[in-house]
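You will see two complexes here that share chain A, one where it goes with chain B and one where it goes with chain C.
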Partner chain A sequence: MRSIISFILLLIIAWGVALSVEKIPFGESKTRIGDYYIERGREETGASNIVTSVVVNYRGFDTLGEVTVLFVAVIGLSAVLATRRKQKKGAVEPASLVLYTGCRFLFPLILLFGAYIFIHGHLTPGGGFQGGAIVASAFLLVYMGCRGRRISRTRSKVVESFGGLVFLVVGLIGLTLGGHYFLFNFLPKGEINTLFSAGFIPIIYIAIGCKVGSELGGIIDRLLEDSE
Partner chain B sequence: MILIVGLLVLLMLVAAIAALLFKDLINAVIASCMVSLIAAILFYFLQAPDVAMAEASIGAALVSAIFIIAIRRTKRYEE
Partner chain C sequence: MNFLQSYVYYIGAFGLIFMGLFTMLVKRNLLKVIIGLSILETGVNLFLISVGYISKGTAPIFSKAGMEAERMVDPVPQALVLTAIVIGVAVLALALSLAIRLYHHYGVLDLRKIKEQRW
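Let's turn to the complex of A and B:
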């Protein structure tokens, strides 16, 4: 009986959502800011990926907020897990040879792919967050497949703090050097569609990629260590 | 094209309902991972490869891993 009632409620909610979505004119521009980004984004920021020019340049301050949210989440998780009492570690059952070798073989390739995604964030789709998540999934593969292997926690902390510092310092340099907003692009734009272009966007994205990768990898590391 | 998208959406719905109905929570996690993967493919079809990448790596890989770690600490079967 309860499931029937909840199903009917669900249908009503779906009907309401469908009614409201039906009125939205999809595919038409409702604000002019999107057209502005598409028309002027390339020449103003030097990044051929419009999404990147919005995320790092026009909306750089929001990105700082996103990075901070992730950072706070990691701090909260470590605080919650740190209060648990350490228990004795049982013997870890090793993975089979095929899995172990496969993980060891795939790990550098996935790491390289993640690094490629955040280094080429201004040229191809993707960026710091996506690349960082892929790097973290490479760490996840190692944690799962090669049991007992751990990435050094101090090193991951150093990388994380380095990423955050670079982001903040570059943004503040832009603020002082003539710009009147955070993350003013003060480096030369360079030739469009080349790796060394778009001013500081690659630098920021490398910093975000390092930070997100080490943070998400750190979350997996803490949770796995706690569960073993 | 529209046929493929329709098929994918149907598959996504089936996977989402399966994730709700499975009593074995590992199976439910795999079904929800499938939902994320199909969502990533749909994002790609909608010309949002950035979002597709984030959805595939976070939604399919990391979130499933975190769920599985949590299930290992608790119970595997739903009553």
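Let's turn to the complex of A and C:
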């Protein structure tokens, strides 16, 4: 009964959506701002990845809010899961030698790959969020493969606060030096398509990578700890 | 055929959105509701990306030195979806943690059997 009502309701919504969506042409340039970013983004920000220049430079304030949303979600998750805590130590079956050694061998390599992704965010596809997710996957490997090994929570908190602080401080320095807006790109742009270019974009992306990596690692830590 | 060719991405995206909404409305297991939320979110991301698509367009990245700025897709929806995916992961983790707490408290994930949560 309920499924029939929901189906009819969704059909009505789908009809309304179809009426409005058919007005949107597919495969055509629709916004002038996108063309502007593609035309002028390289001179104005120095980044060859236009998506990065939109995320960090043109809409950097938006990204700050989004990092804050992630932070609040992690705080909420640890607050929800924190009340039930009985230390059940021991009784963790150790992993086999092959698994253990393989995880220990792969862990620094995955960290290195994540760091590569977020340091080269202004040149190649990728950036702070993607690199952070890769770093968190390295922690997931350790939690799954080497049972009993954990990341230190204080260190993870230090890295996370460091990332957030660098983002805010760089933005505020831009505000005082440029005088126009938050996240003003005050560093020299450098030569395009080289690693040391695009002003502060690599710095911001390293900060975001640290922050996202430690936050997603914290999520994995909390959820896996609860499941044990 | 022409109609299908020009709107297939929108149809796919809204197909995902409605599948997710239907799952959220009908299913009674809390984990399935969360799965529906995740499917819905994927549909929204696909819709945003396909709105920004330009025919035969490439990614808006000047990866070689002499590339010209023609036929590149709109970077703004891509940036929005980039942030939306991360938000989606955070929302999913929060929802799962609430489900874990609910399971520890009531012992079931069926929404009909939870007394204060009947609908």
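Simple rule for what comes next: the second predicted complex is superposed on the first by the 200 of 228 C-alpha atoms of A that agree within 3 Å, B and C clash if a C-alpha of one lies under 4 Å from a C-alpha of the other, contacts with A are read in each partner's own complex, and residues count from 1 in each chain.
The criterion applied here is as follows: contacts are C-beta pairs under 8 Å (C-beta built on N, C-alpha and C of every residue); 3 or more make two chains touch, one makes a residue touch a chain.
Predicted model, so just to flag it, every value in this text is computed and none were measured.
In the superposition on chain A, A:57 contacts neither chain B nor chain C. In the superposed model, A:216 makes contact with both chain B and chain C. In the superposed three-chain model, the partner touching more residues of chain A is C, compared with the other of chain B and chain C. Of the two partner chains placed by the overlay, only chain C lies in contact with A:66; chain B stays clear of it. In the superposition on chain A, A:156 makes contact with neither chain B nor chain C. Contact with both chain B and chain C is seen for A:127 once the two complexes are overlaid on the shared chain. In the superposed model, A:144 makes contact with chain B only, not with chain C. After overlaying the two complexes on the shared chain, residue contacts for A:37 are found with chain C alone; chain B is out of touch.
Of the two partner chains placed by the overlay, neither chain B nor chain C lies in contact with A:45. Once chain A of one complex is fitted onto chain A of the other, the partner contacts of A:224 are limited to chain B, with no touch recorded for chain C. In the superposition on chain A, the residues of chain A contacted by chain B and by chain C overlap at 51, 125, 127, 129, 133, 216, 219, 223, 226. If you check the complex, the residues on chain C that touch chain A are 6-7, 9-10, 14, 18, 21-22, 25-26, 50-55, 59-65, 69, 72, 74-76, 78-79, 82-83, 85-87, 89-91, 93-94, 96-98, 100-101, 104.
Those residues of chain A whose C-beta lies close enough to touch chain B in the complex are 51, 117, 125-127, 129-130, 133-134, 136-137, 140, 144, 216, 219-220, 223-224, 226-227. Residues 2-3, 6-7, 9-10, 13-14, 17-18, 21-22, 24-31, 33-34, 37-39, 41-42, 48-51, 54-55, 59, 62-63, 66, 69-70, 73-74, 76-77, 80-81, 84, 123-125, 127, 129, 133, 192-193, 212, 216, 219, 222-223, 226 of chain A touch chain C in their complex. On the chain B side of its complex with chain A, the touching residues are 49-50, 53-54, 57-58, 61-62, 65-66, 69-70, 72-73.
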